[in-house]
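Paired with chain B in one complex and with chain C in the other, chain A is shared by the two complexes that follow.
Let's look at the complex of A and B:
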């Protein structure tokens, strides 16, 4: 049913730390791997070995350059996948009921056997989180690895989304953002986590943590102290030497 | 937005077909017999042909029945229901006129209103999109309705209505273009709000996530041909509205109507192409495109 359920108490989602992400794309690959081998239609590639390769991915890492008013530019890697929005416009536009938001944990999913591949949900998503698979003709999107996080056949430590499990930098965090006491909610609180395109009113569950302010490099110059004028008090041998040397032609006054 | 030929054909011809059905439904002295047959056949070929063209746009057309289920929230679902209801009622009304020489007027009125309903629900599929600021404006349904009413009147040989409505449709197109060109800036969505990094400084896309293209770029970041936009606007304005109105006013009878119809179709095809090609989707911002 494409009517949105009342907001769930539990809101599972990701917190992505833009300060820590090194842009290695490991999360992109592990996502593609898991979601091609497991639930739903595989994520196909077209012309994978030619110059015109393209394919379906549920998670992609952009890189942006940010130039502050003063100082040097910053390069920020920016992973992006479905934000499991509370007011998900992709759900309500769907004519078939294939696109839905789970009432129990807020995960937004596509029932692929009901999807007619009209693409409207991708039009409605501001974040580019949905891609129509060119081989299967159905809409693909991040499932928050719903087939891992509740999967009792997996060891406990693997019951989190593949991207989170794989991230070598610890830039991705998974948890319940509906619970203010959860580790992820605390992290958002501490670091000032924010929404993407808040003006569109989608109320994303996933949050982004801003890059920490860059340190300002202190002005260190190991030789400078030796060039300071010495013995300004006008007494002693050094003072005499200073005066004598300054009196020579070319000496500084 | 990518101007898919199937969707442009659908919008153009379904608009004309359902517009014609509206005028047939509200005709106080509708044609009967073979003449009625010709009018209804033309309307159905355009309306149903357009719908079939849009079916080809789907990844799984064989599952189309499922698309009638979500009318509570989905404009696409509502459009499907309106279309089936309009086509059914108008078929009964048309059968009365063609085979029994009987005008079941109320059936025509309801069918005619449902035909307008199809146009309106179609336009709302676009006008609801927060992600495409150019479309999210009342001028989108206004343009669609006036195009269908004007084009329909032209096909129904309601010359006075056609003249007035085509002028209004042309004005609606001008408003849609003028307002549309400012909608993206007015929406306030920029790469800075898209990334949330604007507080640090000015944001530019440094490196895209992939070397090749992808579904998002093909579907939403269509930039090809935008440089010809102004020329195409002029062509669609002249062919779609100015020439047809002049032809109706100054050329004799059937010849004038024929010129008007052909020019109008060509102009509207160009206009529908521009409707997509010029529409900027906010997701293109993430790629540093428009």
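Let's look at the complex of A and C:
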């Protein structure tokens, strides 16, 4: 078994806005592109051009339909990747130490050279956030783009995860959730950000922002004045128009 | 066990070089940074400096690397060696391909140029391809707008000088409410996502009107699950509510629209229903300063919405009075339309009230003085911060043009077009219909066409008809069937050519148009037409030339293939002459350039046209000595002069002083290099005082002339009442020398109403609704919109299947369970497909993702690919013609105004059925001209 480091002050993670995520999968593919070309083995694809195609993805978007007791059904797009838990069961279960949590910033990584592909960590992760690469036989997971966020070969503005940089709707935010003053912590505070399945005690660093209430019946008493008829037919409207325009400054002939 | 963390290289080298070009994974045209390693494409991300996407990039864009390397890429020119449709080809040289094409086309040009039909699909070089077709002399040219969204585009141009997407956008920085109609993952892709994200971040409300709650409609704060084809009725009801409550921007209507323009109401006048005009032909208003007639554009004139004009016993009223008469009618009351629209009346009231609340109680005032075209100085800019966006969902119906018009009228009565917080045009728009060319179609053997093919007719005189009343164009654009068909009717070309109606053609030449698959209505029928032979065993359509970069389904149906490059291997210009990439605050254009050279014997299609044009001696493509004028497309982009000072690209032209400048100027042979150095695009900002009210704003108009959008200032007012429509309608009433055939009179008289109306979609009036009770729609998924996703190893893992989604009512009534299949029938055909349940759906509507289904043998996919076994097209259920009416005539399944393909009028029935082995119909496999893709991928360029 592998030990977790003492909790770090700096807790890097993502804040994902479920109110804004349109389910476009931009983050999924940007992640695939960056992480195929960068950290560790490429993210392989099996049956890439034939039946039952499957491949390794570090981030996937699931869509769930929610049907309230009253009112219209809703569709929620739910992007999911490693949540970089503080009490990461995927780390403690690893028999070789390949799975680890960085003591500096809390990012959970797999050291591929030590990974034997046993799959225990994927079994231990309650979120299904790890995928065993079928070609390489090693466990792959979100690295929070550890090879981007500190990368001095990238312009400073690009030192963020690929999924955050690419998200067209601005639904993904990256930062230090250990710092209550950070923009991401503020966002979580303002919008009631929540943990995914907190009852499991994994203490995920990533947070989700809930969708705002939808299909709220507006207060018709507030709206009523906007519907007060000024006329009942065309002739009446022209008569009203005459009065309305005359009432404007310089309106009378 | 160990706390020793491995040492990581936190600053690995990202790439050797970044090359900046323009994406082509859809029609959005974002800027991309292509990271290169060892001379190969390693990673693609968005360009932060680019006006369209500002750094972000969608799934398609990031998956471009898989598109660029797709195994379905064609490798060399092909000559058909088996029967048409078999997919049997032989690779040939470019010389043989071009000689063959020249041999086919040269005699046509000399004797019958119209026997070439040249249609381009997802072409982003239409100002070039149309120039080529014009030089050839055929009237038969268009791109794919006729089956896409011409209703939206044309209604926008005729009403206010531009619609959405390339023409205009919500004022994302100021809007407080966005209402979207019929928008799936339509145009445009990233900017709408960015905009929705932006306005949601500041708590502005989004209302989604769509039978299907996915994508943008899923994040909308309020969803209105309208019944398909009734959007126009819903909008007219909103207009009714707003007018009835006096919630209109009266000042805006008086100054900037034709609401005060007087209509000739003399029942004895041949001009009845047209504008009253002065001796200079200018429409007249009553000037509230004098109470007398005045031209609409007279200096200092204050048009009066109340003003009527009485002459010779007849009272002539302004447009506004006609609108009041019509829309105040109880026919448009929410209670009257609610059931038809599938929207509770209270919801319609609430929506109208909400629009009024935001538009008028939350009005914005920007402290920006400006001067209008009448010389009136305005101290500030007043905004009505409600904005709208709409696309194919309201467009692809037989009542789509009038529905799109209705939406624009709604925007305009709120004063929410070209004002802060509303909709803003993107230069070179706005541009009214009168500033566009008229259509041209006069053929002279051996000579170029008499002008540009496509344009905006102003009345019956502009129709493209021969003296015998027959259509000049093969697609019957600009005929009485569909007089204002501004984008042509690509979906009718093959059907008409096969029927020899209006005439037979010799060569069908197409580019990026998958007509034997998802780009045609009636796919199986089109396949039969493409392969049909006459009694002598000759193909009814004798020659077919096709250009595509990939092994699409259409390849098998051509005789000669010009293999195109991928988008990373080519030159292109995203030109102001065409469909530019501008933003509301800036004019911009862009290029593609070969960030890698092709490793196959392929050529950019536009460069092939430069060569072929020279071989055919087309004017504009040869020098005075007869030699080839443009070595390739790059040469054309830099040196072609369309009008003095104006060429394909507006950036870095050479000014009179020899210095480089944007806008007008002489050609610059180093222009492409300047674009490359600037990240692939050029941009110049609109002056602040010209930023809103563009059609009416002197500062904007001056700047537009300086930039070369047009040669003289041309302010105009919005056309709530479209006079050209009245001219067609009047013809149907017997007025004028050019008369429609009798069988079309009542249709024209009804549908060509100069003020927006709603009528039921044609299909539902021509089938028994008890037999076909449901509506069936398609959407493109976000990760594949306007793309070629099925061949893409990454994207096809996201959307490799397309069940037919059924609403709860149908699902439970018919006892469906997960894993079930259904037989879906229309008046035209039958398919058997997998189904799935979706609750967030209009109860009368079923739908599926479009173009997931693929033909076996296409796209280098294995025959067991889900797309080719379970995937399906709804196209099999949709005919390009309406069911026969017993009059022997071919009635198009299109909008009667523009000819837009009425895809979304489809009515179906659904029954549970035993699962077949594969989705039906299951067409025979075609032989692939390229090998099947590799089984596994582990993509890494830099090792």
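Everything below uses one rule, namely that the second predicted complex is superposed on the first by the 214 of 253 C-alpha atoms of A that agree within 3 Å, B and C clash if a C-alpha of one lies under 4 Å from a C-alpha of the other, contacts with A are read in each partner's own complex, and residues count from 1 in each chain.
Note that a residue touches a chain if its C-beta (ideal position, glycine included) is under 8 Å from a C-beta of that chain, and two chains touch if they have at least 3 such contacts.
In this text, all values refer to a predicted model and were calculated from it rather than measured experimentally.
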item: Winner by number of chain A residues touched, once chain B and chain C are compared; value: C
item: Partner chain in contact with A:2 - chain B first, chain C second, else both or neither; value: both
item: Contacts of A:120 with chain B and chain C, given as first, second, both or neither; value: first
item: Partner chain in contact with A:87 - chain B first, chain C second, else both or neither; value: neither
item: Touched partner set for A:179, first chain B, second chain C, both or neither; value: neither
item: First, second, both or neither for A:136, with chain B first and chain C second; value: both
item: Partner chain in contact with A:64 - chain B first, chain C second, else both or neither; value: first
item: First (chain B), second (chain C), both or neither touched by A:55; value: both
item: First (chain B), second (chain C), both or neither touched by A:199; value: first
item: Those residues of chain A which chain B touches in one complex and chain C touches in the other; value: 1-3, 25, 28, 52-55, 57, 63, 65, 67, 73-76, 97, 114, 136, 211
item: Complex interface listing, chain A residues touching chain C; value: 1-3, 5, 19-26, 28-30, 32-34, 36-38, 41-42, 44-55, 57, 63, 65, 67, 72-77, 97, 100, 102-103, 109, 111, 113-114, 135-136, 146-147, 150-154, 157, 162, 165-171, 211-212, 214-218, 220, 222-224, 226-238, 240-242, 244-245, 248, 253
item: Residues on chain A engaged by chain B in the complex (per definition of touch); value: 1-3, 18, 25, 28, 52-57, 60-69, 73-76, 78, 80, 89, 91-98, 114-120, 122-128, 131-134, 136-139, 194-201, 208, 210-211
item: Chain C to chain A touching residues, read off their complex; value: 1-3, 5-6, 8-14, 35, 37, 42-46, 48, 53, 55-63, 65, 71, 185, 189-190, 193-194, 196-198, 200-201, 213-216, 218-223, 225, 241, 243-247, 250-251, 288, 291, 304-306, 320-321, 324-326, 328-329, 346, 349-350, 352-354, 356-357, 782-783, 791, 793-798, 800, 838-841, 860-862, 864-866, 869, 932-942
item: Touching residues (chain side chain B, partner chain A) in the complex; value: 1, 57-61, 63-64, 66-70, 72-77, 80, 125, 128-132, 187-189, 191, 193-197, 199-216, 219-220, 281-283, 286-287
